[in-house]
Structure formats: C-alpha cells, structure tokens
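Questions regarding the structure given below will be posed in turn.
We just call them A, B, C, D and E in the order they show up, numbering each chain from 1.
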Amino acid sequence: MAYRFKKSSINKSGLPPGTLVYRGEEREEEVKITIFNYNGSYYLEERKVSLEEALAYKQKDGIKWINIDGLHNIEVIKSLGDAFNIHSLVLEDILDTDHRPKVDCYDDFVYFVIKLFSYDFEEEEIDIEQLSIILGEDFVLTFQEKEGDVFDNIRERIRNQNSRLRSLGADYLAYVLLDVIVDNYFVVLDEIGEGLFLMEEDLLLDSSQDILSDIQQVKHEMIFLERSVWPLKGIFNNLLKGDNKLFKESTILYLKDVNDHIERTIDTIQSFRDIINGMMDTYLSNVNNRMNEVMQVLTIISTIFIPLTFIAGIYGMNFKYMPELESQLGYPITLIVMLAIVIGMLFYFKKKKWL
Amino acid sequence: MAYRFKKSSINKSGLPPGTLVYRGEEREEEVKITIFNYNGSYYLEERKVSLEEALAYKQKDGIKWINIDGLHNIEVIKSLGDAFNIHSLVLEDILDTDHRPKVDCYDDFVYFVIKLFSYDFEEEEIDIEQLSIILGEDFVLTFQEKEGDVFDNIRERIRNQNSRLRSLGADYLAYVLLDVIVDNYFVVLDEIGEGLFLMEEDLLLDSSQDILSDIQQVKHEMIFLERSVWPLKGIFNNLLKGDNKLFKESTILYLKDVNDHIERTIDTIQSFRDIINGMMDTYLSNVNNRMNEVMQVLTIISTIFIPLTFIAGIYGMNFKYMPELESQLGYPITLIVMLAIVIGMLFYFKKKKWL
Amino acid sequence: MAYRFKKSSINKSGLPPGTLVYRGEEREEEVKITIFNYNGSYYLEERKVSLEEALAYKQKDGIKWINIDGLHNIEVIKSLGDAFNIHSLVLEDILDTDHRPKVDCYDDFVYFVIKLFSYDFEEEEIDIEQLSIILGEDFVLTFQEKEGDVFDNIRERIRNQNSRLRSLGADYLAYVLLDVIVDNYFVVLDEIGEGLFLMEEDLLLDSSQDILSDIQQVKHEMIFLERSVWPLKGIFNNLLKGDNKLFKESTILYLKDVNDHIERTIDTIQSFRDIINGMMDTYLSNVNNRMNEVMQVLTIISTIFIPLTFIAGIYGMNFKYMPELESQLGYPITLIVMLAIVIGMLFYFKKKKWL
Amino acid sequence: MAYRFKKSSINKSGLPPGTLVYRGEEREEEVKITIFNYNGSYYLEERKVSLEEALAYKQKDGIKWINIDGLHNIEVIKSLGDAFNIHSLVLEDILDTDHRPKVDCYDDFVYFVIKLFSYDFEEEEIDIEQLSIILGEDFVLTFQEKEGDVFDNIRERIRNQNSRLRSLGADYLAYVLLDVIVDNYFVVLDEIGEGLFLMEEDLLLDSSQDILSDIQQVKHEMIFLERSVWPLKGIFNNLLKGDNKLFKESTILYLKDVNDHIERTIDTIQSFRDIINGMMDTYLSNVNNRMNEVMQVLTIISTIFIPLTFIAGIYGMNFKYMPELESQLGYPITLIVMLAIVIGMLFYFKKKKWL
Amino acid sequence: MAYRFKKSSINKSGLPPGTLVYRGEEREEEVKITIFNYNGSYYLEERKVSLEEALAYKQKDGIKWINIDGLHNIEVIKSLGDAFNIHSLVLEDILDTDHRPKVDCYDDFVYFVIKLFSYDFEEEEIDIEQLSIILGEDFVLTFQEKEGDVFDNIRERIRNQNSRLRSLGADYLAYVLLDVIVDNYFVVLDEIGEGLFLMEEDLLLDSSQDILSDIQQVKHEMIFLERSVWPLKGIFNNLLKGDNKLFKESTILYLKDVNDHIERTIDTIQSFRDIINGMMDTYLSNVNNRMNEVMQVLTIISTIFIPLTFIAGIYGMNFKYMPELESQLGYPITLIVMLAIVIGMLFYFKKKKWL
C-alpha cells in the first residue's frame, strides 16, 4: 500500500547531523541524470549522463535543469551537493523520503520539499512520491525517487523555442515544476472524487463488510494526502513576503496562483473527509436497518405462530376428561379461532406499521 | 446533482500556465454578450452583441458593464482579456469553473471569483454557479457560466435615470453585483432552512430509510455551500485595509456590509450543520426505538407463551402412569394454572414498566 | 418556536442597498415612541409621542433617549434616521431582525446590534429579540421589535435625581442598556441550567422518547443562543482600542465589564453544550440498557424452557415401542430430570452474572 | 454537587452597575478577618479582628495581608473597598462567586479572580471556590467564600523570620498565594487521575449502569474544572508584557512559572477528557459485548432445540397411517437422528467460532 | 504502565517556591555523574566521578558536558546548581519529572525540558522519561531520571578527534543532544506505526474484546505522546527570533531542522490518532456484523421451523373428529406441505439476500 507510513530502513538516531543516509525503499535500477541547458536562443538536452558530465554543466551559460531519478546512490547526491554548494542538512532532507513538505530559503538557493501524487489505475491506489527542488540563480535541481513522466510536458515546452519558458529565468522553471505537481493533485483528487461518487451509489445497494473496508481505505488515503499537502498551506505566500532575491517580480504572481491551488486542494480533501464520514454513518445505518428488517420478520412470524402452537398444544394433552375433544365441532372451531388470531395480529401489525 | 465535484473534462496538468482551457460542463448554446454603457445623463443597452462590437466599447465614455453568459468560447474570453489588459492567469481562473472564491488586486483592476447559489424548485436542489467579476477604473466585466436572471433587477435600476447607481462609479456597480449575489445566499438558505424544518417534523412521524438519504443529501449540500462561501470570510475587510485605489471611500462602507452578510451566511451554514447532526442523532435514535418496541412485543408474547406451551407439552406426553391425566379436575386445574401464570407475568411486566 | 430561523417575508435580493424593508414578523399593534430627556437637574418623560414630537426633541438640550417599540412602520424609522443623520445601511440593518450582532463605528455615532434573550415561563421557551442601539453625542436611540419591560429598571433610575445615570453622558446610558441586556443573558442561562439539572435527574428515571426530543430542543436553543452571542466576543474590547470619541475614559472601564460578561456567557453556553452531549450519551445508553434488560429476560426464559419443551415433545411421540412410556417411574423421573436441568441452568446463569 | 452551575439567588439584571449584591450560597457563620503585618524585621498576626481594626492597618508600615473569610457581609467588603480605593466594579466582581477567572490591571492595584480547587475526600467530590486577590503597593487583600486551610503553610512562612517571603514585597506575597492555589490544582488532578485509573480497572470487570453515571460525573467535573482554569491561559504572560509597576523584575520570573503550571493543568485536564471519552467508548463496547454474549447463548440453544422439537412434533402427530410409528426401530433411530443433528450443529458453530 | 500520569509522591503545594523536592519514582541506585571535557585538540572522559570532582571541572578550559543519571539525590542537583549559577526555579523544574516540555532563556543559560521516548521491546510499551538540558557558554548539563544508552553515539563522536562536534561549541553539543532525542521519536513512532499496521490486519480476522483493549491502550499512549511533544511546537523557531547570544549563527540552522522534525512528529501522532479512531470504528462495526451474522442464523432457523412445528402440533391434537387423521394420504401430504413451506421460505430469503 502506497499510503503506509514508511519505516526508515536504517535507524539514523545518533548519527551526526548531515550524515547522508537514504531512507526510502530499496531500489535496483541505476540513478539516471537528465540535463536541460537552455536560454532564449539555444537548448541542449542530455539523458543518462554520468555524474562527471553533469558536474561540468555547472560552469555553462544559460539555465541548467538537472533532474535526478533515484536517490539510492548517495555518492551522486553528495557530489552534486558539493558542486552546487548545497548545505549538508538539505542533502540529508533530500534523502529522507518521508520528509514534511516545506520551503527553506538559503542565501544562494531555495529548497522545496513537495509531495507528488499519482494515481495507479491498475492497483487502484494512490502513490505518494517525494520531490525535492533546489532553485539557484541559474540552475534548478530536481530529485525524484523513481523515474516518472510527470514533467514530460515541460520538457516539450523547453524544446519549443517560442515557449515562454525559454525566455524566462530559472525561477520561472521552478514555478512551472511546482505548478505541474500541484495541478496533478487535482487529477488524483478527481479520480478519488469519482471513486467516492461510485462508492456512494454502491452504498445504496449494498452493505457488505467489503464496502466498510473500502471506506476505511479511502479514509486512510485522505489522512495521508492531507498530511502531504497541509504543511504547504500559505507557505508560498510567506515566501513572497520574505523578499527572496531568487524570485523575480513577474514570477511572484504565479507563485500566488500555486498557493491558491494548494488551498483548494486542502479544501477538497477536507470536503472528501466530511463526505467519507457521512458514508460511514450511512453504512452503519444501512447495516442496522438491514438487521432490523430481518429481526422484524422473525418477530412477526414468531409472534403469530407462538400462540397458535400453544393452542395446538392444549388439545394435544392427554387428559381423560376434555369435553372439547369429544365434540364434533371441536376441530373446526379450533381452526377458526386460530385463523381469527392470525387475522387479528396481522391487522394489529398493519396498524402499527410494522408490516 | 448540482453539488457534485466537477470533474475537469480536460486534464490541464502540464500545460503552460495561462493556457486557456474551459473546465466547465459542455454547453451547446452560443455565448451571449450584453452591454450596458451609462453615466448620470444617458444609458445605452445592447444585447447579443458580437465580440467586435463589444471590444469597440472600450474607448467609450461612461461606465461600461459587459456581461458574458457562457464561458465555452475561449476566443471571446481571450479577446476581451487582451482588450482590457487582463493578466492571462486571471483568464485561466475565469475558465476554471471550480475555482476557490477569492479577491485578487492587480494594478489596474480587481478580480473577484464568487459563487452564485440558486435554488432549483423543480428538481429541489441547489445550483452552484461560478461568477467572475473584473472591476476596472470605468468598466465592469462579468462572466457567468450560463444565462440567468439574478441581475435583472440591477439592469432595471440602470435604466432608471434617478437611481443612485447611475450617478456613481464602476466600483459601486461592482458592489451592487456582489450585494445581489450575497443576498441570494439568504434566499437559498431560507429555502434550505424551511426544508430542514419540514424534515424535522417528518422525523417525528417517520423513520424510513428515505429520510436518512435526505439528511445525507442536505449534509452534502451544506459541505458544498460552506466550501463555496468560507474562503470569502474576511476577504472584503482585507480588501479595504490594502488601500486599493479602485474603491472610493463611499463604496468601502458598503463592502463592509457585504462582509457582514457573508459572515452571517457562514454562521447560518454552521448552525444548519449542527442541526443536521442533531437530526441524524434523532433519526438513529428513532430507528433504535422502533426496533426496541418491536423487540418488546416479541419478548412479551414469547415470555408468556413459552411456559404455557411447556405445560401443555407435559400433559401431551404418553407415559402410561400419569395420575393427573386420569383426574377429572386435571384439565380445568391446568387451564387455571396457565391463566395464573399469564396474570402473574403481566403483573410483573407492568411493574417493570415493560408494558 | 422562538428559536427557528426567521424566513424573510420579503425577498430583498436585487433591491438597491439602503432600500428599507421590514424583515420581521407581521405585527398589528402601533409603533410606540417613548422619550426621556434629562440631565443632572431635570428630566422629562413622554410616552406614545407622535413622530413629529419625537423629531422635535433633537434640538433640545440634555441627554435624549428615544425608544421605538415596533419596527413594522418603515416611515418612522426613515424619518428618525434622516433627522439624526443615520446612514441608510444602518437603517436597513435595524429593520433586518435576523442580523448578526455587531458594533459599527461611524463618524457621528456608534451602532450596536445585540440580541435580547427572555425566558417565556408559560411556553417554557426562549425568546430572542433583536435590539438596535444608536449612540450619538447627546442621544441614544433604541429600536425593539415589540414592547418589553427589560428597561423599566433603567427608567426608574433616570427618574431618580440622585442616580449616577443622571449626572453622566449618553455613553453611560448606552453602557447601562448594554449591561442590562447582557445581565439578562445570565437570567435566561440560569433558567436553562436549572432545566438541564432537572432533565439530568429525569434521565436517571426515565428513558422515553419524550426526553430525547427535550434534549434535542435544548440543543437547538443552545445553537441559537451561541449564534446570538458568539459574534460579540471581544467586540467591545476592540471598540476601546479604536479610540472612539463617543466613549469617555470613565465609561470604557464599564465596557470592559460588559465584555467579561459576554465571555462568561459564551463559556456557559459551551459548558451547556458539553453537558447536553453527555445527556444524549446517557439517554442512548439508558435506552440500550433497558433493551438489554428486556432481552435478558427473554433469553433466560427461552433458554430454560426450550430444552424442557423438547423433552416433553420426545415423550409426546406416538412410537409404538418406547420402553420409558411403559415404566411406572417414567413420568416422575422425567419431571426430576427437567427440574435438574432448570437448577443447572439457573446456577450457570448466576455464575455468569446474567441473573 | 459542588460543580453545579450556581444559580444567582438574586436577579441582578437592571440594577445600577456597582451595586453590591452577594451572589453566592447563603451562609450563617460570621465573616472573619485575619491580618498579617510584616517586614524583614518584625511581624504581627491578628485573627478575628473587627472591621475598624482592619481599616486602621491601612496606615501602618510594612506589608499588610488582610484575608476575609466569607463574602455574605456586604458592609465589610464595601468599607474595605472604600478604605483601599478599590473600584466599585471590582467589589461587585468579588461578590459574584461565579465569576470568570481573570486579571485586571488598574492604576493602583491588580485584581485577580481565581478558582480554588479542593478535593473533599469524604463526599468524593471536587469543591470549586472563588478567590479574589487584590495586590496594592504594600498590601494584599484576599477574599474567600469560606474559611479554609490552603494558606496555612504561607502563614507559617511569614512567621519564620528567615523565610524569603519576609524580605520581599507585596508582589511576592501575591505570587506565593497564586502559586499555592495553582499547586493545589495538581493535588486535585492527581486525585482525579488516581480515580480515573481505578475506574479504568473497574471497567474491565464491570459494566453496570453505575459506572456509566460515574463516568458522566467525572466528565462533568472536567467541564467545570476546564471552565475554571482555561481563561487563565496565557493571562500571566500578558501581565508581564504590559509593564505593570506593581510587579518587580525579580517576581516576574516567578509569574512565568505560575503560567507554566496553568498550561500544564490545562494539558492534563484535556488528556483526562480524552481518557474519559475512551472510557465511555469502552463502557459502551462492554455493554454491547455482554449483550452479544447473552444473545449468542440464546441463539445456540434455540438453534439446536428448534429442529429437534420439530422432529418430536412430527412423531407426536396422530395420523392413523404413519409407518415409522409401528416400527420397533422408529424410536431409537429418531433419537440417533436427533443426536446427529446436535453434533452436526455444534461442529458447525465451532467452525464458525461462535462457540 | 509507563504512560500513566505520575502521582507526585510528595504534596508540594504550600512549600516555598524553589524548594527542591524530587517528584519522580523512588529509585535505589546511586546517582551517576559522567563528565566529558573536550576541545578540538584534546578530550577527557570520566565516569562515576564524585560531586566534588564534577564541580572542579567548572574552572577548566574547553567544553564541559556533565551528565547526571538519577535525580533522587537532591544534594547533587543543588550543589551543581549553585556552582553553575542556575536559578532555583530551574532546579525545581529539573526535579519535577512530569514537567511540561519547554525552553526558557535566562541571561547566562538556556534551559530545555524535553521528553525522551524509548520503546521497551520486552514489555511492548513506551517509556517516557524527562530530560533536562542546561546550555551555558562553555558547558552543557544534562539530567536524566535513569541511566540510558541514547547518547552513546554522541560519546563516540566526542572521542573521535576528527568529528565536527569536537571543533564546535557547547551550543552545537546541545543541538546534537536535542537532535538525537527528536530522532528517537521517529524510532518509537516507527515501532508504533508497525504495531498499528499489525493491529489493522488482526482487526480483519478477529473482533475479540482483547483487540479493543489494545486499541484503547495505543490511544492512551498517543494521548501521552502528544502531550509530551505538542508544547515543543514552534518553540525552537521562537528561540531563534529572540536573538539569544548562546546560539551561534551556524547552529541556528540546525535548530530549525530540529523544529521540522518536531512538527513531523506531531503530524505523525495526529495521523496515528486518526487511524486509531478508524480502527475503533472498524472494531465496533466488526462486532456488530458478527452479531448480525449470528442473529441471521437464528432468524432463519426459527422462521423455518416455527410454522412446521405448528403444523405438527395441529395433527398432534386429540380431537375425536379430525378427518385428515383418518386418511391414508394425511401423513405424506402433510410432509409434502411442510417441505413446500421450507422451499418457499428458502426461496424468499434467497431473494431478499438474507441467505
């Protein structure tokens, strides 16, 4: 399950701060480095470059975007960090894949920790991945746990000479990355909303135990999504106030837009939680109602037959002197009395609206 | 259902910011542009004007109010935006019909996103529509998803030369629009309040499953209404503090009034949610009580007849040597004993207040 | 029910702001105007004066207190408003009898909207009435929905030449009015607290459906009381900070006292809500326990008799060859076995503490 | 019950502010005045002094601590108030024994309203008493509802010439009084915590109705304790910021300590409320489980005997032509079939884990 | 249980402030003092030193870290406090082992109260211990309730001449201590998270009373953990703003990191509480469902057999004139009718989905 709390594979407690330890899932595949180097007039794209090649780009002109897929090779992270003058605490945070989302402003760079949601349609579950973005004056470093295609669209735009992205700075690239990530939140929430809607329809038909565990699962997911987005609330607005040199005036307006989207995400998650709680209530009420219906049937059948059986029992007794038994009308009268009792009871239950 | 989360028909994630994509329901009807151009001494009203005619009004004197019904023609939005110098992010927000309510101040204009509630009496459901208002120095642009009659009253007042509206600026027109929208909140809430009152009366008579789904539905509606109004809390007061040039001193007092109304709307919604929760409790308790009543009947009937049936069973046994069977008083004494048991039990139940 | 949401009798949405529309209950009785005009040395009291007489007082010396009982005559409100220079938005708020409590500071006057609670001992329900107070430099206007006696005590104090009230300004009169209103909150809350205490005692004896509807009703009342007081929280303290000229230094201390009382009212209401929730829990638990008790009796009686009836059934069978039936000891042994079963079961239930 | 809401014996609404009315329980005993007058070198202690003697102390040198036990003699309060220049609103608050805890700073004195908890071991209930402390430049006045021994320890320290208390000012005495009161909170909370622990252990053994009313009672107590402490949150820290001349630099550090203790008290009360809610859940679940256990026994016994009784019924029928009845093996075979049914059912229930 | 509220063994109320009283569990073992004295070029480590030796270190050069294991010897705490100029209130807080976490800044030192969590794998419970850290200009004092190994790693780093710790000041040592403590929170939370995951899996299989008490226990633990961490929220960030001289610029960045970790701890605890509440719901629903299943079986068996038994009862009656009894087809037809009833009922239940 993607939304479980990740257990740190290695107990880091007691290690010196800044000690780099990868705290994510074990992975086999190689760490991939992809580089985009562009300005208004040219662009260059290199995939699967070696660490040395990547470091060489630091000196080049233009905007540099270095994307690292995979964090399990600590050496790569460390060398990049040294080359770009990244504080060791930041490197530590990059490797800690269960970090709280945040924005940290340093003198030379801004560090974003943000969660990337993606909906796995096959497994029908939500995948939460951590993404670290470091924005320097003319470079952006992005660190992903595993390869993904969420940024393909941005790559396409870089390739297109006429796109706005090509003519603007690294801060705009950082914004575009954040924007894509936050837009993805809506895609996932749409999917969940659709699922909730279907679950609500199911609830009307079905009250099996399965639907309860579905409700609990989606509740779980909401707890994890909220935990992944909540700390971002207002964080970009704060960023703007703290007059950071790395963000140009024109980009600041866009950051406000990202902030709007995050608040809407949080609103939506909270609405979903309210709805899920309502579904829980409906489920419990359904279960209750169904049991009541069953009980009612028992009650009515029992209540009708118990007196009848008693009457039959009376005339099943073997007393020598029971005058009714001798009478020829005894049997038919008894049957008629029984019928009268049944009709009387049905009438009473009808009146009480139990039937 | 009008209060469902709208699923974006097009996945926008990854597109450049400012890319205009319509995110609302598909619509067939043509986009309608209506223009009012007025000042104290004259007024001019044109309906179903073409885009070109509308753009031509930009240069005219007096207050210009351009209302657009229908957002599905992106070309119209874009041209208007360009003509009136609207930032592309704002245009993007106008088209995103599930946007969070907000007020954004730009240098030349103020942008309002606000939700319009209307109660559909036929379907007995609430319709939430997004409305965007752009207030410039001498113009107001309004963008509605579909044609509606909520502003007819304002149009009438513009036509009336003696109305206050005619002698005041575009900021007053913007206020009047906001005021009408917020006043509409009370109309819808009154309708819901009336509905809640009827539901509470129904609850006393009825505890069917139907009423539970009614409660859940109105709870849902409240979640959506709250979500549509909550972000406006205090937003107009903030607007006033941030000394915006577009609002004149005299209009500011009115904006405070709008703020009061929004806070009252939120208070009312929260009271409704409390009341709905109480109704849920009452419903569950009713269901429970009804089942208890049914159970009680079963208990009493069973408890009375089970021992009697047992006694009848005793004397139905075929043992050769059962002295009671021979006695002539056996049968009447047995009947009397049975009667005594019944009376004793009824007395006991009466004492226990179970009857 | 006094605590129902008032439905605006007239849909005001779309009317120009400042349009005066009475939004309260329809009333027959005439609007009554009462005037007190006093200073340290003289006082004058007039009841049921005409509108013209009232307006004439504006020019007189001394403190003027004009009390209006009944808001359904819009003309009266309008003329007074014009004479005393009251903003039309304020007049609109006075007429809207479901307004949110608030304090608005204008240049020449302060406007208070406050709710007046009174306990109707006959109907055993709480009455919430809206009161508007306008404090000018040398006048106080009060607007009540209907005639009441809550201010009689203050009138008495004005008549007494030696009272402090006579020697102090209009701001002190306004404070005294507020103080009486807020002190009335405690009278009503005391009454409710007493009622809650009685309900708690009832709960121990009774678990009928009636008590549930009592609990729900008092819960409702609390929602409405909270809604009527909550917005006042801290509002008087804020008033003091915003250096308002109309309140003298010496009166400010008293306003702080009003603020204390409001916070205590809110605390008490919240304690009551907690207690009511606890009563709800107790009620549900009582109902549950009572049903369990009933069920237990059924269980025990059924469980004891079902095996006995089975044994009787065995020997009621008509098989030709059942040796026990021939034996002379058959019947007594069967009875002894049955008795043993009963004793064994009672012993078992005793051990299980079910009895 | 000590934690009930006190009903004001006299309806004060409408009286002029500053009118002194005692709002506590009726008391018979005389009001006792105790005086301590001390400085570093001497101390003087007088008990049961008359009002006149007490007032005479005002002019004496050294620190004066005047303690009044009993508030029902309004004359005493009024004379003291006049002599020490206490504002009439403060005197009114002293007499209102259900006042909200607060700290008010006046020019010449600081006024504390604080609640004193004490645990009545005999009645096993919590007693909440109001205490008013007035700190002037060289005097401290304390007002208690009834005589108590909570300050005995402080008295002992004053008598001891070497104690720190003797060499420091009135502000330190005020702090020491507050410290003792707040330390007492822990004594009471310890007692409650111990009680909660015992109740939790009882819960495992017992699920009678009694324990429910115990839980509700302690929940009630928590509501009242929270209400008595919550308003003090942060109040002493605020006191320090508002540079009050009466508190010396050295005492301020101690006030911060009192603040710490109050926050811990609030934390503890909230933890207790969480624990009590958990106990409520456990109780309800216990009751439920117990009923389920009882139901299960009924189900199993019924389910086993109902088919058997039916079979016995079959062969109890009096049809002329029932071949089985004639067969010599009829009876034993029937018994064997019955046994097989019992074994089969027990096996099935075992498999289902119902047994 | 380690998470119970500690009852103060001695009632401190009424003692002069600053009176040192040990408020923790009684302990037998001796108080152990361990000293580290180091700078970049040398280090010295002494274990089990006497109080006098420890005090002598005060005058030495380099960083001094004095760790005290065990607080029950008040003399030791007092002497150390006097030697290092620690305020008596701080000493009092050190001894109060149930203190609220906090940071207090004094002129010469900073005082931290922080809780140390450790997971006792044998008892499967969480141990919360209080730790006091006093940071002076060139010394760090740490006070633990009992000996533990949580700082062993730090000791190792001090022994290593090349470690960063050796070359930095006392403030960095304090940070490292805090960092280790907070990192330990994750270790404990990981353990709990793992436990929760197992409990959730158990819940699907089992709904015994045991699992309920497990849920309640872990809920309890969460209340205590939250109470131990919550007050630290934001406290380190505040520390930074209040420009404290004892923390160097370079260390401040690290404190921010500790702050991040604390916020994440709080987030995780809250997620856990949400999850536990969900588990409680699931448990209750499971219990309910299980009982429903049992009830259903009873209902179906009863409902099928009750009419059959009645029919058998009819023909068990001893009326003289019952024509069916004489007929040779009477018995087989009766059996067939019974079978038909069974089939009809099964069919009905199948249709109703009760089977």
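We take it that a contact is a pair of C-beta atoms (placed from the backbone, for glycine too) under 8 Å apart; a residue touches a chain by one contact, two chains touch by 3 or more.
According to UniProt, the chain labels map to these proteins: A, B, C, D, E = Magnesium transport protein CorA.
Here the structure is a predicted model, which means the values were calculated and not measured.
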Task: Compute the rotation angle for the C-alpha superposition of subunit B onto subunit C, expressed as a multiple of 5 degrees.
output: 70
Whole-Å separation of chain centres (CA-atom averages), subunit C against subunit E: 42
Statement: Expected list for subunit A, residues touching two or more other chains, is 288, 295, 298, 302, 306, 309, 313, 316-318, 322
- prompt: Given which chains touch which, is the overall layout a line, a ring, a star, complete, or other?
  reply: ring
- line: Ring order from subunit B through subunit C is B, C, D, E, A
- prompt: In their shared complex, at which residues does subunit A touch subunit B?
  reply: 150-154, 157, 163-165, 175-176, 179-180, 183-184, 186-187, 189-190, 193-194, 197, 204, 253-254, 256-257, 260, 263-264, 267-268, 271, 274-275, 278, 281-282, 285-286, 288-289, 292, 295-296, 298-299, 302-303, 306-307, 309-310, 313-314, 316-322, 354
Query: Which residues of subunit D touch subunit C in the complex?
result: 4-5, 7-8, 11-18, 87, 89, 93, 99-100, 102, 104, 209, 212-213, 216, 219-220, 223-224, 227, 230-231, 280, 283-284, 287-288, 290-291, 294-295, 297-298, 301-302, 305-306, 308-309, 312-313, 315-318, 322, 324-328, 330-331, 334
